[in-house]
Structure formats: structure tokens, C-alpha cells
């Protein structure tokens, strides 16, 4: 395997992705990511110099809406699936120190 | 000799745009709604929802870019900035990194040493976050997404400023320009304009920049000035003590007059920007830019020159009046209704400024209409009310934008122009105040003032003081 | 003919002619669901009550002449990654185990306007990540042709439900083959439309630049009828394209004379099962006999599609799935210490292994220092792949090949080696990268008795050419259905 994924990398990606892996999962993730990256490295064989990265295949552009209020109060719908709700707001663990 | 340090400052200014709806959905941007009543699946990050760009956001951003001499990026895109925080419902903010809408601009500011340019690195469009409120009772935080998705532009300057004065001049200039465009009301206190300060220091004469810090939570010009001074000193102290400045984000506490680092091991500061696949590219042709250009208003400098030519009012008045687009609009519209420029200017410069100050308001908050001001001026011109009644009426008008004609009529404040009635009152006052009458006859000129006052009182203020004076002198 | 054996269009016609009522159709299909779900597990949610209530409403509208379309009154199954107002929508994930949307996706609304009866939500690979429907948090779906085999994925529940007569047609979504491959494994017709043809509003995103909703159904005529209903321009989806050429049923013409069909040699190399190859080439032969101009050509770049796809899809997925954080909807972990721990526990407990694997990969390829080397490189390769197709479509109307290298594997055979599983998508993935339409239809049965799929690929917005070619082939091939349940 050409790509060796370190513990630090897995730890770092876990912080970015907000995932907490068990020891066993971490080992598996290191292996999986390494082999995926080896596979992706195949793209390096292609010369893409001067090729523009393509985000959208079909040339759609300039899609806008007019600045007109179209939504009414839909608080009940927005809060309907909330795991925690208080005073019309979503509850979360405290964010202030 | 102690080392001399130079402060190097760049600003990131967020401005909330004055659109009716949010940047990517049809929710209202109005302030003051009950929590989460201005929300929908899009601005709360519901699964399956998709964003569509509000055209007005683009037009405002381009207008600000043109007014600050930027190059408009005619092929631009939105990118996702990924980070987890509860005020950000998708856990990514839709912003612009790779192709921001405006680049390479500059604005001119006045400094102690004359004119100076501050470069604008870029202006990009993005969405605002929701609001977090701490709930002491349950020891948790509560999230309100009413502000989530409100459109912002972020104006990033070059590190061209060297003092708090220059920073404030730059901010004033931006504020004025954006207010003139009608793109935002730019109120620091209310958060519709927010400035983050990037500051570093270096020895005078040094070429390389020092390590910079970013300071947040600055919500007045005074706080900005204090934070700049505080951070400059903190960095000098570090360097003098042989320590290093760490590149970090710091939060300014204006009450304590100090800043502290906002750090967490859970903050990787790696935003993994990539083009948002849910939004399509924006391609602006020259015709679109020309349209926006054609709609640009007369900015302050041009306005000042024109006022100087057109109106016979003092230079100082011109400065104050054009210092607020709203005030200048009121001035011009009132004059257009036929009032004499000098008189309009006086009402604005004296009574309006006094009441604004007393009520702790900005000129942008003026509520009375040019029509009503014009009516008040014509009432005084016609001597239908005297100047002290006019001031009284103006106070009510300032507060509630009442129609002065109707108000004067309803309250019976019209000056009594019936000379017979006035003569009778004056005669009564003379009869009731023999001491003052005698004083006056003995050469005490001042005593007449008392008699005028007494007459005015008896007339409940509805008399022309000139006429009272005339009658008194005649009868004495 | 029994009700369950009817195609969607046949049933609608029978309802229109008052030979069958909507309620009879719904009851028949619910009875089939009751009888078969224990084996196949096609559904995450069956909305029995809702379906019966809709049946009565729709019947009234048909009787009143308000609903007259080709699908009025026909029961449909919806993949569980499309929002349905008032009906649980899980993406087959624990993290959405209690999510009841307050709005319906545009494609579902369009079906409802046309008089569809929503039966329920079909099982899938969790968040559409997988090729076997084994990564679902709600159990595996089994292939109605042989329950020891997978139905394919990720729209495995939709494909199996159509094959098992547990619905008359279904909606699926296709990010790298997720409609076409299960259609192939289950012996039904599936179409992945051109990107932008069907609104994505209400589709819970996996890879936003690749995802597209499409039909899974019993024959090509149904496919055309469904496409006419779901292909609309939607102002709520910026990537939705306004088109006039949505009269797909006009392409139900038995004629391929002069149709230029290209067979990419690259699709017939190593790894392709011999029986699949023979069946697909035989189908090409049939079309040639009907007057099509068939020739082989080199498409090139085929082996680069998979690594480019996994980079782009994983990157987009890592961002799209950030919103599942335990705050606004869905699962929230029970015990945690503070905000970040809540995020981590919720997501680690809520997502399955394959989803975590792709989120980790996606977060990594976008992270500081790797973005250019991985993500931008993949987008450049995407541009090259698109160019290769452009060149091919300058010469051909339709590209013909297999859907998958093999027929449906046995349960449990695929998941152990992710790369091997990903290789199974080799013929479908480049179609998504290039935004093209691709149709999958049965063209044979292998020695194990499992269906073999034929894939027809068209240039952007050329669905009608695919439908015409497929319809012609279908007429010659004749009826294709399971003999009996196993």
C-alpha cells in the first residue's frame, strides 16, 4: 500500500467529520482510506494540464429568484422533528463558556 | 532608545444587505420576529431542501463593488465553507472563496496627513448564521434561525491602515458609500455592519509583516479604537519580552478592555471549501454591469460639490447634511417642495441634530417626511405660528411625523393676528404689572422683556412677539 | 390478466375503463406486500392507511374526469431518500429513524398530481451508498428472482418491489448506477435521466452533482409515461433545466432504422462475465437486424471513472451529510458531554460503516493541502470523461453495453472488499460523471436463473432515442417476467 494513513490523520479527519471511531474502527478506517487513496492515485496517470475542473456538466447559469417574500410563518413545521425544543427554539448543549 | 513600532491593520467588514428576503429562500429578513418564525426548510437545513440565489443580493454586491472601484468577477461561483456549529444549520456556510464577486478595489479616505487609499482585496457574498441564546435555567443553549440565511457581503481590505483613526475613516467611508447605495443601513450596534480587525506590528522601517491576530466582537467605533490600542500594546509587550505573537482569533471584551483567544481543540480551522454543487455559476455580461452602473446614485463627494453650487448654505451644514443619505434626501425633497434651502438646513442642523442626540438616534432614524417639514416652514413663513410654537410642533413631528397644518389647527396653536384682541391683552398686562411698567419708564429697558413674556403667557403662546413689542412700546 | 400482472399503463387504462377500481388495485398490491414482505423486505415503511384513503380520493377524481393521465390511480413505491410529507423518511439510516418530513419532494408531488397512490417507502443502501441494499439500517432486501441474492443497490427496494409485484412502479435515485444496476439485477426497466431533467428538490442528497431521480418499472412504455410526469422545470432547484422535449411517449416507436449504435470495446474487457457479454452482444445483433448501424469503438478513460467518481461523490457526501447533527431532526445520542461530544456520538452511532467510510474519505480529500491533488484532479478527469462521450456522440446516437459485470451476487459476498464492490459500478458511473441519460432493461437470463441487464446510454437530453431503441428491442425480445417466486 502506497498511502499509509497515520493515527494523527485519522484523528484529524475525525475532528473534521465529527466522527468518533473505536480502536478497531480506526484500524479498519486507516486500511480502507489507504487503499482508496491508492486507487484514487490512479488519476495521476492522466495528464490534465490545462484542463478546467468541471463542476457542472450542463452549462446552466444565472438562476435567480426575485426578492419577494413567499414564505409564511412555518415555525411549527420547522420544529416538528426537533430532538429538543424550548420556547420555539432548538435546544443544544451549552455553547457559551 | 526604545524601539518604534508601526501598526498594520486590515479589516474584514460584514454588511447585512437590505433585501426583503434571505439570500437563498423566500423568508423575510425583518427584525424582531418571534424565534424561528422567519424560517423554512432551506434556511434551517432540512434534508432535501435546495438554495436559489436572490437576484437583489447580487445587484447590491455588484453596486458596492463598483462604488469601491473593484473589478467585477464576471464568472463567479459560490463555495461551501464546512464547519460544525449550531448556529449554522447545514454545518456549512454558503460563501465565496475561489471566485468572489468583486476584487481589487480601493477607497479614498481623509487622514491627518491628507488623502490616502485603502485597497480592497475582495468582496464576497455569503449567508448569515442563526442566533444562539443561553438558557440559564436548563443550562443549555437555544437556537433561533431567523437570521440564518440573511444576506451578507464581506469586504476584505488590504493591510493598508496604520492607526485607529484611519480604520474609523475607512469604516465611515464604507458606511457612507453603502448607505448612499441603499444596500444596507450599516448599523454597528445592531450588527448590520460588523468589523473584524486583523492587526500586526512591525518595527518602523521593516518591510516584512509581523504575525497578525484577528479580533472579533467589535460593535462600536469606540470599541474598535480601544481594541486596536489594546492589541497593539499586547503585541508590543510580547515582542519586548522576547515572546512571539501567535496567529489566532481573539474576542474583544469592551467592558474589561482586553481580548482573549478563542481556541478549542475541536476547531480545526480547516474549512474544506469546494464549489457548491447545488448552485450554478453566475455569468455577468457587460450589459448587466452597465445597468447597475446606470442606477448608481450621486455619492457624497459629488453631492457636496453640487450643494455648494446650488444652495446658499454654509460649508459645515453641507458636510453634516450629506453625511447621511437619508438626511440629504430629506433636505433635497423639502427644498423641491418650495422651502428655502437655508431654512430647511436650519431645521436639520439645529432642532433635528439636538433631538437625535437627546434620543440617541442616528440620522438614518429620522421619521418625519419632507412634506411635513415643508408645511411647518411655510406655516412659520406665513407667520401663522411663532417660532416657539414651531419648535413645539417640530418636536411632535420628529416623534410621530404628524401633519403640522392639521396639528396646529386641532390644537388651536395659530398666532392670533387680531390686533384688537392683542391690544386688549397688552393693556391688561400693563395694568396688572405697574412695577415693571415703572421700571421701564425709569429706563430699565429689560423690563419690557418681562412684559412681553406676560403677554405671551396670557395669549397661551399664540402671538407674534414682534407685534407684542410694537404694541407695548406704543402703549407705554 | 390478474391485476398484479398489469403494467402501470395497463392498470391505469383498466381503471379508466372501469374494469378495475383504484381501491381494488391498492388492496391487491397490499395483499401482495403482506404475503411477500417477510421474504423480500422491499419497504422500510408501508403506508397502508394512507394508501387506502388516497385510493378513494383518486377514484373520485377519476370518476369526475379531473384525473385523466396515463398513470391515474396506479400505486407507486418511493425510495426512502425522497421526502414525503407526513410519511417517515429514513434514507435507511438510524440517524433519520424518526424523521417525518413536512414537505414532499417535487418528483413525488408531480406523481401525486398525476393521480399516483403512494404505497410507502422502499429500502435502500444507507444514504444511497452501496450497490447491494445491504448497508440499510433496516435489514437487507432480497432479490425476488432468488432470495439468496442481492437485489442490487442502492435503489434495491424499489427494483425488488417492482419485480415482486409489490408495487406497479417505483421511483429510485441514481448517483453512480443506483437505478440501472438494481433494475438489471431484478429484471426490470430503469432510467437515469439527464442531470437536471428531474427536480432534486426533496431528494436527500448524496452526491449533489451526480444525483438524479428516475423510474423503475415493468416495461419501456411505463418508463416513458412516468418520465412525462416527473420531468418538470422546478424553480426551487437551481440545477433543474427547462425543456420542451418531454413528450417521451411519442418515442414509443418500433423503429431503429439508421440508428447509430456504438459498442465501446472498453466495456467488454476483463472482469465481464461471459454470459452477460453474450446476452448484451446478442441484443446488439437484434437491433442490427432491425436496421440499426452497429459498430464497435474505443470510448477510453473507463478505468478512471471509478476513482474520479469516488473522490467527487465522497467529497460532496461529506458536506451534504454534515447537517445530520442531532439538533434539528433525527437521532440524537443519549449520553454526551457537551456540544462536540454530542455531535460525535450522534453521528458515530447514527451512521453505518459504509457511510462513515465515505464521509472520512470525503473530508480527507477536501482537507487543507489535498484539495488540489484529489478533488480538483477528479473534476479535471470528469471534464476529460465528458469530452470522450462528446466525441462518441458525434458518431453515435446510442451507446450500448452491459449494466454490470455480473448478475446479482449472493448476499454477503460484496461488502467485505470495498474496492471490489466499487468495481461493480464500472459501466454505470461515467454516465453520472458526464450527466448523461442511461437506461437499463433485461436482455436475458443466466445459468443461475438471474436476469441480465442491457444498458443504453444517450447524449444529454436524448432520452427519447433511448426509449425508442429500448422499445424496439423490447418488442422483439418479448415479455420478460419471473416465472414464479423462489
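Letters A, B and C mark the chains as written, and numbering starts fresh at 1 in each.
Note that in this section a contact is a pair of C-beta atoms (placed from the backbone, for glycine too) under 8 Å apart; a residue touches a chain by one contact, two chains touch by 3 or more.
Everything numeric here is computed off the predicted structure, so don't read it as measured data.
**Student:** Can you name the chain whose C-alpha mean lies closest to the mean of all the C-alpha atoms?
**Tutor:** Smallest offset from the overall C-alpha mean is found for A.
**Student:** Two chains share more C-beta contact pairs than any other pair here; which two are they?
**Tutor:** A-C
**Student:** Find the geometric centre of each of chain A and chain C from their Cα atoms only, then give the gap between the two centres in Å, rounded to an integer.
**Tutor:** 23
**Student:** Just the number, please: Cα centre separation of chain B and chain C in whole Å.
**Tutor:** Chain B and chain C have C-alpha centres separated by 55 Å.
**Student:** Quick one: chain A and chain B, Cα centre-to-centre, how many Å?
**Tutor:** Computed value for the inter-centroid distance: 39 Å.
**Student:** Please output the residue numbers of chain B that touch at least 2 other chains, ranges allowed.
**Tutor:** Only 41, 44, 46, 52-53, 82, 84, 86, 143, 266, 270, 272, 277, 279-280 qualify.
**Student:** Multi-chain contacts in chain A: which residues touch at least two other chains?
**Tutor:** If we look for residues of chain A contacting two or more partner chains, we find 12, 16, 18, 55-56, 60, 63, 65, 74, 77-78, 84, 90, 92-95.
**Student:** In chain C, which residues are in touch with two or more of the other chains?
**Tutor:** Only 99, 102-103, 209, 235, 238-239, 318, 322, 325, 327-329, 339-340, 343, 363, 367 qualify.
**Student:** Which of the residues in chain A end up touching chain B in this complex?
**Tutor:** 12, 15-16, 18, 55-56, 60-71, 73-75, 77-79, 84, 86-96
**Student:** Over in the complex, which chain A residues touch chain C? Could you list them?
**Tutor:** It comes out as residues 9-10, 12-14, 16-21, 25, 28-29, 32-33, 35-37, 39-46, 48, 51-58, 60, 63, 65, 74, 77-78, 80-84, 90, 92-95.
**Student:** Show which residues of chain C lie in contact with chain B when the two form their complex.
**Tutor:** Per the stated touch rule, the residues are 82-83, 89, 91, 96, 99, 101-103, 105, 200-205, 207-209, 235-239, 315-316, 318-319, 322-325, 327-329, 339-340, 343, 363, 366-368, 371, 375.
**Student:** Would you mind writing out the residues of chain C in touch with chain A in their complex?
**Tutor:** On the chain C side, the touching residues are 98-100, 102-103, 194-196, 209, 235, 238-239, 241, 301, 303-304, 306-308, 310-311, 318, 322, 325-332, 336, 338-345, 347-348, 351, 353, 356-357, 359-365, 367, 374, 376-384, 386, 418-419, 422, 433-435, 460.
**Student:** Across the complex, what residues on chain B touch chain A?
**Tutor:** Going by the criterion above, the answer is residues 19-21, 25-28, 34-41, 44, 46, 52-58, 77, 82, 84-86, 132-135, 138-145, 265-266, 268, 270, 272, 275, 277, 279-283.
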